[in-house]
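Multiple structures follow.
Common to both upcoming complexes is chain A, partnered first by chain B, then by chain C.
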Partner chain A sequence: MTITLSVAVLLAIVLIFLLSDDPGRTIYYFFAGPFINRYYLGNLLNSAIPLVFAGLGIAVAFSSSAFNLGGEGQVYAGALVTAAVCLALPDTNGFIGGIAAVLAGVITGAVLAGISGYFKMKWNTDLLISSFLISAAVVLIVNFLITGPLDDPASSLLATPKIAEQYRLLRIFKPSKLNISIVFSIVAAIAVYTFMYHTHRGYEMRICGLNPDFARYGGVNVNTYLVLPMILSGALHGLGGGLAVTGTHYMALKEFTFGVGWNGIAVALIAKNHPLGVIPAALFFAYLDAGAKAAMLHSDVTFEIAAIIQSVIFYLVTAQAIFSFVKYRQRVS
Partner chain B sequence: MNVIHNAVAIMAPFLLAAIGGLFTELTGMLNIALEGLMLIGAFASVVFASATGSLFLGVALGIISSVLVAYLFAFVSLRLKANIFISGLATNLLASGLTVVLAFKLFGSKGVIHFPGAPVLPLVSVPALERIPILGDLFFGHNILVYLGWICLVLAAVVIYKTPFGLRIRATGHDSSTVESLGLNPQSYQLKAILVSGFTCGAAGSMLTLNLQAFVPNITAGRGWIALVVIYLGNKTPLGILIASFVFGFAISISNYAQGFMEIPADFILAFPYIITVVAMIGYSAVRHYRSQKLAMRRDR
Partner chain C sequence: MPSVDMREICKYYPESGVKANDYVDLSVKKTEIHAIVGENGAGKTTLMNILYGLERADSGRICLDGEEVVIRNPRDAVRLGIGMVHQHFKLIRPFTIAENVTLAMEQRKYGVLLDRREAWKATEKVIADFGFDLDPGAKIADLTAGQMQQVEIVKILYRHADVLILDEPTSVLAEQQIRTLFDTLKNLTCLGKTIIIISHKLDEVMSIADRVTVMRKGKSTAVRNTDEVDDKELSRLMIGKGITYGFKRDASVPGEPVLALYNVSVAERTGHRPLLDNVSFSVRAGEIVGLTGVAGNGLEELEEVVNGLRKVDSGRIEHRGLDVTNASSYFLREQGMAYVPSDRLRRGSSLSSSVLENLIITSRRSFLNRGFFRRKAMEKFGREILKHYSIDTDLYVPMGTLSGGSIQKIILSRELSAQSDFIMFSDPTWGLDVASAEYIYSRILECRRSRAAILLISNDLDEVLGLSDRLMVMHRGKVVGVFENDGTLSKETIGEYILGLRNDFKGDAGNDGQATMGRGDGNGGGIDDNVVGGGSSRDCSDLSPE
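Now for the complex of A and B:
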């Protein structure tokens, strides 16, 4: 892990030297930018929240050998449904209506992922591909809904109208967008950890991931654990999307959750699928994004260099042989 | 009969990418990097074609770029033993990041970049034969890369079924210890298969941008994934992927045609290939499931 992260940092520096005309300035803003004021720091922490939920969702799925590749669509659809429910109930009590709206988002995510799990159980349909394809279609349909029927004609943004005041979560680090959903994300990580490591069902689920044959021999209903982890995974993604609406944006914008689903996979892998490890991993990913954004605003590189660095982390994070390969090189030279 | 003519043009990138993916699939690897490799080929070919003014150099350098990234993907997956699914994701992410960063650095734009000076893909036009119903639409009046796809398909079928190399490719996926027992290294066949997929994906990508004379960020728009599904639906045979990619091309061509007189939102048109793919996949797995159940019942009796 140390090698992976140091390669990532090194690569960031190399890329900046190649791409920027003022590398010193760019490097400063890339690495220190997220900390120069309350606004940037708060937004860095805030942007880690959906990554924690997505990372938890992936960790649940991967540690039970279910593959959820549809996080992107589940977060996005969860967010849209939450916004739609808030907009449909403009005068309800904030607490009740807010919970109903986020719950609707959670259910949306759970159903979308659950479909793939169900067909895997029933007909052995490839989970990886079906979850990806459903998500890819859902992203486009949500795009249509946001820019079409649910678009706010009064605003020039491609977005739904803003949700009512009473649904907006408390901001705790003004002027940034950081809000109390950060507490929910930590609670969720602890809850997922407790479920996976300290309950009977969680134990059975992990056994199915480690060795399905052994689990079947031990009398575990393996089929259940194809659907359940997918539902949980989708629910966590939907929750992340719903809270992004009520906590951060107050509306659903076109493609505003873009990349959360993919980065959630990297976050879970860096954390080695451990629910508590997801939190620091999500912070690291949010830091890379925040640094790239600060460098784009204050210097001359584009935001997508973060994607290149993240892709290299992806490359190295599961490379089991990297240690032996480095050692082999040392021996040779 | 324009629908059929367009279907052949639309299916060509799926077909090319699926041919390369077939090689990796036969060696037992799930190659989800097809999408990213296509994107690299798409970007590099139009940039080089416009810079050199030569269509051949553009396509060749596009393919070489895609093969180089495929080599990186293979190195990490095989040599560093990374999970091939994750390194495939990484390749896709790298491709979408790298193309945008390079486009911004070279052309100062992150949007659509036009290359009006880039050479046009010549059409193979035989006016007399094009007028034959259906057959004329299927075989004539397409750009030369469409024909490259067909040549690759025939070559792939010959290589896979009629050469020792193809036999070893199939053996690697079937039971790699057989290959080892011959004193050969199964990994080297997996490497070669990935490089072949880089080649065909590079060609598939170059078709997208050279047709438009422009690069659009993420121009591949899920075609690599559809190619992967084409391989599955085609039952991992060259003839199968030809039929499956035609079915896709035809479906998309019809939905484009329908847009002409029905008001379908553009996002739905874009979503259509994914929806039809997932429905086809679920249907396919159901058929497979019931067929194997029937076989098992027959055996029991």
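Now for the complex of A and C:
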């Protein structure tokens, strides 16, 4: 991993020298940019939060061989439903209403992914395809709702109105958007880890995913565990979406979660599906993103160039993760 | 002059340490039907895979029509006029017969377009030339097993094969289809084709083949003309002399019946014949009941039925008098029934999970404290097992990185540590080295000493003969023989039952004078337990579960 990372950084520097007129400045902002002030640092940490939730959702699913490719729609729909519940209850107590709203988002995600799991159990449909297709349709429906019935006519943004003050989560690192949901994300990672590796349900779930024949032989009800990992995965995605609304944006914007579902897969891959590994993996991902943004603002690189450099590093690291995963699989079989 | 001449073929599998072919000779004359017979694992299929280029021999020569050839892959074999019909058909079900037959040798129009008319015509010609009755436009999915096999043969003939290899061609066919196949094969030899057929069904070999090569434990042991040999001699050649193990089975007085099956039947989905046909027996505390037979005769199904992995269509299974018919695996385990499966890599263990996670699968609930695992207790349990069974590995090593012997030891230790009153072992030593096998035998005998009821399902005759107190033979889903293993039982006798040469064990009282019959309890599901042949006939009342 160290070698891969050094090669990636080296390659990024080479690219910057090729593409930037002021490489020194670009390199500085690309790698150190996220740390030069509280605002950047806070936003870096904040942008890691939805990645942690999506990464956890994927880790739960993948380590049980439930391939959830619908993270995108689950995050997005979870966010919209949370925003909608908040908007429907403008005067409720912040604590109760907030929990109700986020819970509604969680359930939305769980149901969306659970449908795929149910289809798999009932008709043995392919999880990859059903979860992806459901998500693709859901994204369009949410787009319609945000730009149509739930659009705020008073704002020029393609977004819902802002949620009431009492639902907004505490900002803990002003002026950045970092809020207390970062604590929730760490708690969630620990909870998922505990569930998967320290409870018998988590154990049975993983065994079913790894080898259903062995699970059946050992007296595990395999059918239950076709649906459960998908429900958990969808719930975590929905939670990530809901907290993005109450913690960061205070509204649901059109396509504001764009890419989180896919990036969650990358995060889980780098973390090798280990729930606690998801946190550093998400931070690394968020750091690359923040560095690219800082370099764009403070140096001469354009969005495209920043994206290229970011992808080079990212592909190398992911390739390494996939490679070691495949090698592990080959070794054990 | 022989059409196919294989000399001193050797093939060694280093992963499993098996000498699949050990200086094997095979000589097949032109236009004859030549059978290769032998037990499971005798090396028949390996030899044919080498001839068809699916595998390469480590050493040895292959001559076709007197000329030495090198066969690197199936394409070489096809070019040399060799074709093979595999035991499991390799056809594309949604495609038509013509599409399957011409696959990879398609007729083309303008170099790129598929010429369906031409494919159709060519297929029709092969079908007509060799006297088949098939419609080139029919979809594979709509055909019977017998017709699919004909398509496989047509496919080979379309590729101008002169030598046809058929691997266990009758195993998937019904009686009538077998007769059609044999007519086809005879017809093909008249048209100048040479046929090699792999089989372990001696009656079929006797009726179809001109000559037969016998293989045993990787060696070719005899070549005979079928008109100069009888099936009894063939079975003796196939099975060979027994071997003696380094363990001693001391006397044991069986106690109460622990597991009993009453007329258990399982139907096959396609409905040719039942997979299990009125199987009744019991296993008593402190005895080892051996169950043997050739693969495909119901052993696998029985293994699954007893573990609750397969539902029975009729009949009853009792564990200590409790009806456990069609109970779940979980329930059976709770009842104290342990099981060491034959498929140790897929069913018996999870290779990508750790040793500890493999060890706790059956006892997982005993480590729970309010839904959470007590990790310390779990690790203590795991370490104690490893120590007690002297398995040299770490708890957190992935199972798949261990050797086959260690994996089986871990599975065995897990199942034995449950202190069950019934343990089923299925092929507990296949692929293991002698030391590991001896270790496992000593553990099985230890279970017997601690008064567990043991069902040993095995394809290995020596193993079953060495360990069992009582021995049952299955053929075509039926129990065709039950023997007391008192030391006088010979391997040859059992072999005859295994291969279906003798079938004097019937529900109706002994039809050749040897069989006696006992009847257990009434209620229509009574148990029929017979003792026949070989060993001493005995009073059957103590074979019944009551």
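The rule we apply is simple: the second predicted complex is superposed on the first by the 295 of 333 C-alpha atoms of A that agree within 3 Å, B and C clash if a C-alpha of one lies under 4 Å from a C-alpha of the other, contacts with A are read in each partner's own complex, and residues count from 1 in each chain.
Simple rule for what comes next: contacts are C-beta pairs under 8 Å (C-beta built on N, C-alpha and C of every residue); 3 or more make two chains touch, one makes a residue touch a chain.
As the structure is a prediction and not an experimental result, all values here were calculated from the model.
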item	value
Which superposed partner A:119 touches (first chain B, second chain C, both, neither)	first
Touched partner set for A:28, first chain B, second chain C, both or neither	neither
Contact breadth on chain A, by residue count: chain C or chain B	B
Which superposed partner A:219 touches (first chain B, second chain C, both, neither)	second
Which superposed partner A:258 touches (first chain B, second chain C, both, neither)	neither
Touching partner for A:136 - first (chain B), second (chain C), both, neither	first
Partner chain in contact with A:318 - chain B first, chain C second, else both or neither	first
Contact residues common to both interfaces of chain A (with chain B and with chain C)	none
Contacting residues of chain C [partner chain A, same complex]	307, 309, 328-334, 339, 341, 343, 346-353, 357, 360-362, 364-365, 367-368, 371-373, 375, 398-401
Chain A residues touching chain C - in the complex, by the definition given at the top	194, 198-201, 203-204, 206-207, 210-211, 213-221, 328-329, 331-333
Chain A-facing residues of chain B, complex	30, 32, 72, 76, 79-83, 85-87, 89-91, 93-94, 96-98, 100-101, 104-105, 110, 222, 225, 228-229, 232, 265, 267-268, 270-271, 274-275, 277-278, 281-282, 285-286, 288-289
Chain A - residues contacting chain B, complex	15, 19, 67, 119, 122-126, 128-130, 132-134, 136-137, 140-141, 143-144, 147-148, 262, 265, 269, 301-302, 304-308, 310-312, 314-322, 325
